[in-house]
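Each structure below appears as C-alpha cells.
Common to both upcoming complexes is chain A, partnered first by chain B, then by chain C.
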Partner chain A sequence: MILDIQTWVHVAAFVGAGLSIGLGATGAAVGEGYTAAKANFAISRKPEMAGDIFKTMLVGQAVAESASIFALVIAMILLFTEFSADSCIIIPVLLASGLCMGFGAIGSGIGAGYPAGAACEGMARQPAMSGRLTTNMLIGSAVCQTTSIYALVTSLILIYLDFSVRPLSPTWAAVMGAGFASGIGAIGSGIGEGLVAESACAGIARQPSTAAPVTNMMLLGQAVTETTAIYGLLVSFIMMFKVFPASDSIASSMALLGAGLCMGIGALGPGIGEGITARGAVKWIARNESSSASTIRVMLVGQAVSESTGIYALVISLVLIFVI
Partner chain B sequence: METIRQTQKKYASIAIFVAITAGLVLILAGLRPFGKGFILGTLFSIINFILIGETIPMKIGSTKKKSVWISLGSIYFRYIILAVPLFLAIKMEDFNLIAVVAGIFSVQLIILVDNLFIQSKQR
Partner chain C sequence: MAIEGVEIIKAAAYLGAGLAMGLGAIGPGVGEGMAAAKACEAIGKNPAEAGLLTRTMLVGQAVTESTGIYALVIALLLLFVV
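Right after this comes the complex of A and B.
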C-alpha cells in the first residue's frame, strides 16, 4: 500500500466529511425528536388541534434541520472536490473543516428543537395564539442557526483559503485550532439560544398579552447568549488569517492547538449558562410584565457574570496565540 | 394529516413558482448554471420537505427515545437524497454549487418570509 500525500489528502477529506455530517445530523435529530415528543404531549392534551400541531411540527423541523444541511454541504464538498496535494498542510485543513462544521451544527440542531416543541405544546394550551406562536418559534429557531453559520463560514474559509504557502509547522495547529474554536464554541450558544426561545414560546402561550415584550426579551437574551460563539469565531479568524513564522519547536504548535481548544471548550458553559439565565427572565416577564425593568437588569447582570468564564477562555487563547 | 398536506402543497407550490421565475430570469440574464442550479436545488428542497411530513406520523405516538432514533434515520435518508444535487453541482459545470445550495434552502426561506412578513402583517 502506497501512502503518498494524495492518499492522505483523500483520507483527511473522507474523515472530515464523515465527521461533518455525522456530528451535524446528530444535533438536528435530537432537536427533531424533542419536538416530536412535545407534539405527542400536545396532541394528547388537545386532540382536536392535531392538524395545527402537526403543521407547526413540520415547519419547525424543516427550519431546525438547516444546520445539518450546512454540514451536508461541507461533507459533499469534502467528498467530491479534487484537492491539490502540493503541500501536506491540506490534510489538517480538510480535517479541521469537517470537525468545525460537525461540531458547529450540534448546538443549533438541538437548540432549534426547543422552541418548536414549546410551540406545539403552547398551541394545545392556547389555540388562539397559534399564529403568533409559529412566528415566535421561527424567529427563535432562525437565531439558533446563526452559530452554525459561523461554523459554516469558518469551514468554507478553511477549504478555500490557500494555506500551501505557509510553513507546515505551526500552521497545521493553527487551522485545527481554528476549527475547534469556531465549531465547539458554537455548541453552547446554539443550545442556550434554544432554551431562551423555548421559554418565550411557553410564555406567550401562558400569557398572550405579553407576546411583544416576551419576543423582545427573547431576542435580547439570545443576542447576549451568542457572544461566546462570536469569541470562538474571532479566535478562529485570528488563527486562520495570521501568518505564523515557521518553527521546528512543538511548543508553538501546541500553543495554537491549545488556544483553539481553550476557546471552543471555554465557550460551551457560558453559552448554555447564559441561555438558562435568559430563559428564566423570559419566563418571569411572561408571568409578571410589570417587573420587566428589574428582570432585564438581573438577567443582564447574571449573563455578564456567566460570560466571565468565556472571557477568561478568550484571554488565555489570545495569550497562547500572541505571547507564547 | 390533511393540514400537513395543505401546508406542503402551499410551500411547495410557492417554491416551484419562485424557482422557475428566478431560474428563468437568471438563464435569460446569461447565468445559465446559476438558474439551472437554483431550480435543481429547489426541487430537492421540496422533496426533502415532503419527506419530513411523511415521517411525522411515525414520530407521533413514539417515546422520546424512539422519536430521536426515527428522526436520526429520517435525516440520514433524506440527506442521501439532498446529496444528489450537491454531487451534480460539484461534478458538472452545468450547475453552480452556490445556486444549488441556495435552492436547497428555498423552502425554509419561503416559510420564514411567509410567517415573519406576510402572515404576521395579516394578523
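Right after this comes the complex of A and C.
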C-alpha cells in the first residue's frame, strides 16, 4: 500500500483539527464549571439576587467560551479547506497549527472562569456593586483572552503562510516549534491573569470604595503576567518567518524543536507564578489601600524574580535558534 | 540518508537542553510567585515591616531560584560541552 502526499495532508489536517478542538475544549469547560459552581454558592447565599447572578454567570461563561470557539474555528478551517499537496512541508504545518490553537485555548478558558466566579460571589455579598463587578470581570477576562488570541494568530499564520518553497528539513521542526512556543506558552499567562482578575472582583465586593485602585492594580499585575506569553509569541514568529538553510542533519531540526518546547514549557511556570503574586497584591490593596505603594513595589520585585526562569528559557531557545 | 551516531547524540543534546530548561523553569516560576504573593499580603497586614519582609522574600526566592539555575547550567552544558 503506497500512500501519496495528498493522503498524508488529509491525515495531518484531520489529526490537527481533532487536537485543536479536543485540547481547546478542556480549558473552557473547566473555567465555566468553576463559574457555575461559584454562581450556585452565591445564589444559595442570596436567593433574591438569583436573576442578576444568573445573568452575570452567563456573560462570564460566554467570555470564557470564546477561547474554545477560536479552537473550533481552526478545527473547521483544517477540516474543510482543500490544502495543496505540492510539498510535504504542509503536513507538519497543519499538525502544528492544530496543536498551537489547542494548547493556546486551555489557559484562557480556565483563567476567564475565575473572575466570573468571583463576580457572581461578589454580587451576593455586595448587590449594590453589581455593575462595577460585571465591568471589572469583563475587563479582567478580556485580558485573559489575549493569550489565546496569540495562539490563534500563530495558527492562522501557519495555515496561510506559504512554506512550500522552504526546505523540508529543518523547516518541519521550525513550524512544530513555533506551534509549541506560542501554544504552550499561552497557558501559564492565561491562568495567571485569571487569578489576578479573580482577586480583583473579590476585593471590589469586599471593599467597594477601593474599586478604582483595585482595577488599576489588576491591570498592572496582568500586564506583567502577560510577558511570558509574549516571549512565546516572539519565539514562534522568529521560527515562522526566519528562513532556515536546508540541512540533512537531524541535529539542526532537533535544535529548533527543542527551542520551541523550551520557550513554550518555560513560560508556564512564570506565567502562573506572576499571576499568584499579583493575586496576593490585589487582595491586599483592597484591604489596606494606605500601604499600596510598598505593596506595588514588592509585587513588581517579586514578579521580576519569578520572571527570571522565563528569561532563562528565552535565552536557551534563542541560543538554540541562532547560535547552534 | 545515513544518520551517524554523532549526529544522533547532538540531536538528543539539543532537544534535551530545550526540555531541561523548559521543564526546569516551571517549578521556580510558580514557587517564587507564591513567595512574592505572601510577601505582598504580609506587607498589607504589617506595612511597618516592609523592609524586613522584602529582604526575607528575596532570600527565599533566591533559594527557590537555585533549581532553575541548575536547569540553566545543565542546558548550557548540553549545548556547548557535550
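In this section, the second predicted complex is superposed on the first by the 322 of 324 C-alpha atoms of A that agree within 3 Å, B and C clash if a C-alpha of one lies under 4 Å from a C-alpha of the other, contacts with A are read in each partner's own complex, and residues count from 1 in each chain.
We take it that a residue touches a chain if its C-beta (ideal position, glycine included) is under 8 Å from a C-beta of that chain, and two chains touch if they have at least 3 such contacts.
Quantities reported herein were computed from a predicted structural model and do not represent experimental measurements.
On the shared subunit chain A, the superposed partners chain B and chain C are arranged side by side without overlap. Residue contacts after overlaying the shared chain place A:Leu58 against chain B, while chain C stays out of touching range. Of the two partners, chain B and chain C, it is C that touches more residues of chain A.
In the overlay built on the shared chain, the residue A:Ser68 is in contact with chain B alone; chain C does not reach it. Legend: residue contacts after superposition of the two complexes on their common chain; A:Ala281 is shown touching chain C, with no touch to chain B.
Once chain A of one complex is fitted onto chain A of the other, the partner contacts of A:Gly179 are absent, as it touches neither chain B nor chain C. After overlaying the two complexes on the shared chain, residue contacts for A:Gly107 are found with neither chain B nor chain C.
When both complexes are overlaid on chain A, the residue A:Ile77 reaches chain B alone and has no touch with chain C. Once chain A of one complex is fitted onto chain A of the other, the partner contacts of A:Ala29 are limited to chain B, with no touch recorded for chain C. Aligning the two complexes via chain A yields an angle of 170° at the C-alpha centre of chain A, spanning the centres of chain B and chain C, rounded to a multiple of 10.
Once the two complexes are laid over each other on the shared chain, residue contacts for A:Gly140 go to neither chain B nor chain C.
Closest CA pair between chain B and chain C after superposition: 25 Å apart. No residue of chain A lies in contact with both chain B in one complex and chain C in the other. In the complex of the two chains, the chain B residues touching chain A come out as 1-4, 6-8, 49, 52-53, 56, 59-65, 67-72, 74-76, 79, 82-83, 86-87, 90-91, 97, 101, 104-105, 107-108, 111-112, 115-116, 119-120, 123.
Contact residues of chain C toward chain A in the complex are 1, 3, 7-8, 10-12, 14-19, 21-41, 43-45, 47, 50, 53-54, 57-58, 61-62, 65, 68-69, 71-72, 75-76, 79. Those residues of chain A lying in contact with chain B across their complex are 21, 25-26, 28-30, 32-34, 36-37, 39-40, 43, 51-52, 54-55, 57-59, 61-63, 65-66, 68-69, 72-73, 75-77, 80-81, 131-132, 134-135, 138-139, 142.
Interface residues of chain A, counted against chain C in their complex, comprise 188, 192, 248-251, 253-255, 257-281, 283-285, 287-288, 290-291, 294-295, 297-299, 301-303, 305-306, 308-310, 312-313, 316-317, 319-320, 323-324.
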